[in-house]
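Some structures are shown below for you to check.
Next come two complexes built around chain A: one with chain B, the other with chain C.
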Partner chain A sequence: MIEKQISTRGRKLPKPAVYGGIVIILALLPLFIKSNYWLHVLILTLIYIIVTASFRLIAISGQFSLAHAAFMGIGAYTSAVLSRWFGWPVWLTIPLGALMAMVIGAFVGYPFARLRAVYYALVSLFFGIGVLQIINALGIWTGSYQGLTGIPPIFGASKIPYYYFFLGLTSLCLLVMYRFEFCRIGTTLKAIAQSYLVAGSVGVNEIRYRVLALAAGCFFAGLAGACYAQYNLVLSNLSFNFMATLWIVMYAIIGGLNSFAGPIIGAAVLIIIPEFARDLKMYTPYVAAALLLIVVYVIPQGLAGLPEVIRSWYIRRKAKRVSHAS
Partner chain B sequence: MELAVATLVNALALSSIYIVVALGFVLVFGILNILNIAHGAIYMISGYIGWQLVMGFGLNQWLGLLLTVLVVGALGIFLEKFCFRPQAGDFNRTLIVCVAIVMILQTTIVVTVGYKVQSLPAFASGILRAGPLSVSAERLVTFLISTALLAVMVWLINRTKLGQQIQAIAQNREGAGLQGININRISGLTCAMGCGLAAVAGCLMGAYLNLGAFMGDYILVKALMIVILSGIGSIGGIFFAGLIIGGLDATLPVFLSGAISQAIAVGIIVIVMVFRPRGFFGREMEM
Partner chain C sequence: MLLEISGLTKYFGGLAAVQEFNMYVNEGEIVGLIGPNGAGKTTLFNLVTGILRPTKGKVMFDGRDITGKRPHEVAELGIGRTFQLNPLFPNFTVLENVVASFELHPRSSLLDAFFNTSTYRRNEKYILEQSLEIMQLVGLDKVKDELAKNLPHGYQKMLGMARALAVKPKLLLLDEPIAGMNPDEIDFTMTAIRKTQQQGVTLVVVEHNMRIMDLCDQVTVINFGQKIAEGLPKEVRQSKEVIQAYFGSEHVA
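Our next item is the complex of A and B:
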């Protein structure tokens, strides 16, 4: 189970200089990348980094939610419908979309918190399917199967302001999620994931913390979804179905569920690398499947654990050589 | 009257396919203790294997069905030995492997066959008439094959030594091992049986409706619904739950739009899960 894999071990503080450097490099990228298509890919990567990191935020509490894309969809459709049909300003509808996802997440979190492990995964899967069918059933309001068009944009036609907007948003969200995970709440969540009985016996209100984790995760998923809607301007429910959830889960697991950097690395690798071979896009799932199998059989820590694996392999080889020499 | 009979026959044929798939799923779930997300993809690929054997190699369709079951059963043994057993029951890792299998199978179909809709030739053609009522022979054959398969499974589980061993493992894995039951062998056989059931359902569905690379997702959801409604460890429960789900599926779209009827079915399942996670007929899984 997920509980065993996530440790409560405290981590070294990040080197702010390194992270600042990465953000600065990313901020300078539009100077070199002139192609709109690549900017689009980078923006999508940034959006999915938020979504995947928020998936992990829920997963550290031991809840394997298979409805994450659906929560993203709730945020996206709330924001899109409010701005498209009611003409509300975009800057108001995006937070409302995020809040809507959070409220629904908290609302279903209470009954769902009775369930654990496989049962939780299943009930969230069905909840996701149900949300999608309700979106389909709303007809003209959500565009049903044809998709919703004519959503008002945040900025003009150029991609560059969007890029900076999403870079800022992603950095901010990651910072908040990082603080959330490595404060008392995050530690409590990991304790619940490891053993809810022990956590309960020292006075942790298990259900409240699990709902809190779900609500927080859904807030970020809804925020990313709402921004995605106002950026993409066309919504199709295919972006939020079960396959979409599976992709999010795959980003998180290939990157490594154990570390905060995992989902970021996983989303970036799996979204950007296939774009280099755009003609072979049909074969992308093969790459993902191969990566998944490698992660399961070779590096259980995910891509984020790759340096660790290489280092330990190197040390072992060195030790062997030393013992041979003596 | 005409509509009522047609709906009833549709419901029976559809639920019988659902039941066969759910039975295979619950066998793997109960014995190997894993949530086999790849079950739908296996069902899908067996439809295509049958299609290739019958349409590509020109085999008799019944022979094609039999060969498909054997091939997919062998695939099941392979999956159990090299994909499920090494994970030692770890939920996360099994889930990842299953997702990888789904990706590989679906992409293989998309790359080789493409999105063009294919279908198997009907196992029985013609329309049976009884007075004013007429019933498509194919739907009847689908229903009969599934029912026969179900009866065979009930006999196998309850009356044979293999079935007793399967039940013992489902009840207590370590205890069964201590009694001298070869757990690995039984697990492999169970996985092969589960995949074989999926193969029969895939071929039947290929003839009943048509084949598509993503048809497995839909049937997987149906199988999960049936398993949740019935609980694990009761074949009779699977049968009744399958009839309920198939009946809902065949009758609700007559009155309501497709999306709303799906949403209602899913809503029922979510409520059942929250208030009675062990289902109505079986026992709860301990994970």
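Our next item is the complex of A and C:
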């Protein structure tokens, strides 16, 4: 297939069996993890994998959106408000939350699509702040600064059904995003990111594609947010503020923006590892910053590029030895 | 007449980059557009292809008014172009560059692409064949798996042309196709341009290098945004204004 040649040059992708294996191992985890706390950490990881991967989906089109947590919030509050105050069934409000984020994403996508680089980042940053202001201004409907409680759950009290639900949801979302990126659509988005002038000159409707990428990314962010709301049952706007967006960006960059696996690895590492040293959790931002520096200097492709770095280092070392021996 | 530019004017602030410019291109011809640095040649291309909006004036292409249309609409109507600088997608391979440039003919719908339908697969197969053919024409088939940014300058220029051909243009605008090339590369490029013309493509070529004149049916000379001469290459070569523009007035015999 052509798109296989296009998107995976030089690098062999692991076989579907490998992915199947990973999913099966993850599916078996609840047999060994009895602690609700750890299940909660894993569920959060799965949610943020969707959010981070969808951030990257937007980023490959050259749009560095700093409103991503806010779009997650749009999904979360839409679903929470509809189910909490109007009593709509959760299975309806979750897709509505995702659609709401997508529609708003598409709507602001048009004015955003004319902006580039720093200007884009700035405008999206302020848009995100504006969204939170509106959520806070809605008073009792959204719980304002006190937070929204009493959100109806998807399942009962046990974490296990939630775990399987999110495992399935994350796998499905990743599958869809993978296909989106590795067909002609993704190729065109990457082309726009590299040179919008050249892309335009061959007939690419830049604005249409950029709006498409933003809307698709926001859909997944909204979906993850809506599910998060019906799982967590309490919403605080702190989960969707600028800091929250920065963490999503950190997951994506430390994991590796250039690779599909990057956001998955980044979110998993940065959410799960700090839990092993809970007492030191307040130092997480410093560690993350240090990690970011290391990534920039040593493995510019992010943690996903680590095997490549190790391999080339190993080959160089071997070559050195051979030249010493002779 | 395939392309007709009339009264085209573009101001950047108070500076007229192009002023009251008139030009026409007949179908099947190669027209040279020459002039010193900063004369307004690239601006003219950008005005025609929709990257810039003209302050005043009109551009007709193939019987249609294309003034102020957006770049992708201009491409859809059949105008391909190359760029003087950054002519490519640097992080794609040569093959990917050309394949990614097949946005229009054939065009797969987003749903077809996403669901990998038989239409989409057929289109992609056709695109791959066409891409290989174009790369052969411009001599890039040997480096098809190199990253575009790693190519030597001459190859990058050729890749720009290959990309533009993927639009299946009726009119191809080449921005300095032989600038900075060595003599062998120039010969090769000129042959490729000639071959393109023989396939029925009309070309407008912006160039400093006077060797391009050998290819041209018509030449237009522009300086300070205004046309100073036009005609057959040998007439233009002897024109006083042209010599003045290039070498200064003391050289005029």
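Everything that follows uses one rule, which is that the second predicted complex is superposed on the first by the 312 of 326 C-alpha atoms of A that agree within 3 Å, B and C clash if a C-alpha of one lies under 4 Å from a C-alpha of the other, contacts with A are read in each partner's own complex, and residues count from 1 in each chain.
Following the convention adopted for this analysis, contacts are C-beta pairs under 8 Å (C-beta built on N, C-alpha and C of every residue); 3 or more make two chains touch, one makes a residue touch a chain.
Since the model is a prediction, treat every value here as computed from it, not as a measurement.
Of the two partner chains, chain C is the only one touched by A:206; chain B is not.
Greater residue coverage of chain A by touch, when chain B is weighed against chain C, goes to B.
Of the two partner chains placed by superposition, A:34 touches none, neither chain B nor chain C. Of the two partner chains, chain C is the only one that A:188 touches; chain B does not reach it. Look at A:144: by the touch rule set out above, it reaches chain B but stays clear of chain C. Once chain A of one complex is fitted onto chain A of the other, the partner contacts of A:324 are absent, as it touches neither chain B nor chain C. Applying the stated contact rule after C-alpha superposition, one finds that A:179 touches chain C and leaves chain B untouched.
Shared contact residues on chain A (touching chain B in one structure, chain C in the other): 1-2, 5. Residues 1-3, 5-6, 9, 179-180, 183-185, 187-188, 190-191, 194-195, 197-206, 212 of chain A touch chain C in their complex.
Residues of chain A that touch chain B in their complex: 1-2, 4-5, 64, 111-112, 114-119, 121-123, 125-127, 129-130, 133-134, 136-137, 144, 242-243, 246, 249-250, 253, 257, 282-283, 285-286, 288-290, 292-293, 295-297, 300.
Put simply, chain C touches chain A in their complex at residues 49-51, 70-72, 75-76, 80-81, 83, 86-93, 95-96, 99-104, 108, 110, 113-114, 116, 120-121, 124-125, 127-128, 145, 163-164, 166-167.
For chain B in complex with chain A, the residues that touch the partner chain are 35, 86-87, 90-93, 95-97, 99-104, 106-107, 110-111, 217, 221, 224-225, 228, 257-260, 262-263, 266-267, 269-270, 273-274, 277, 285, 287.
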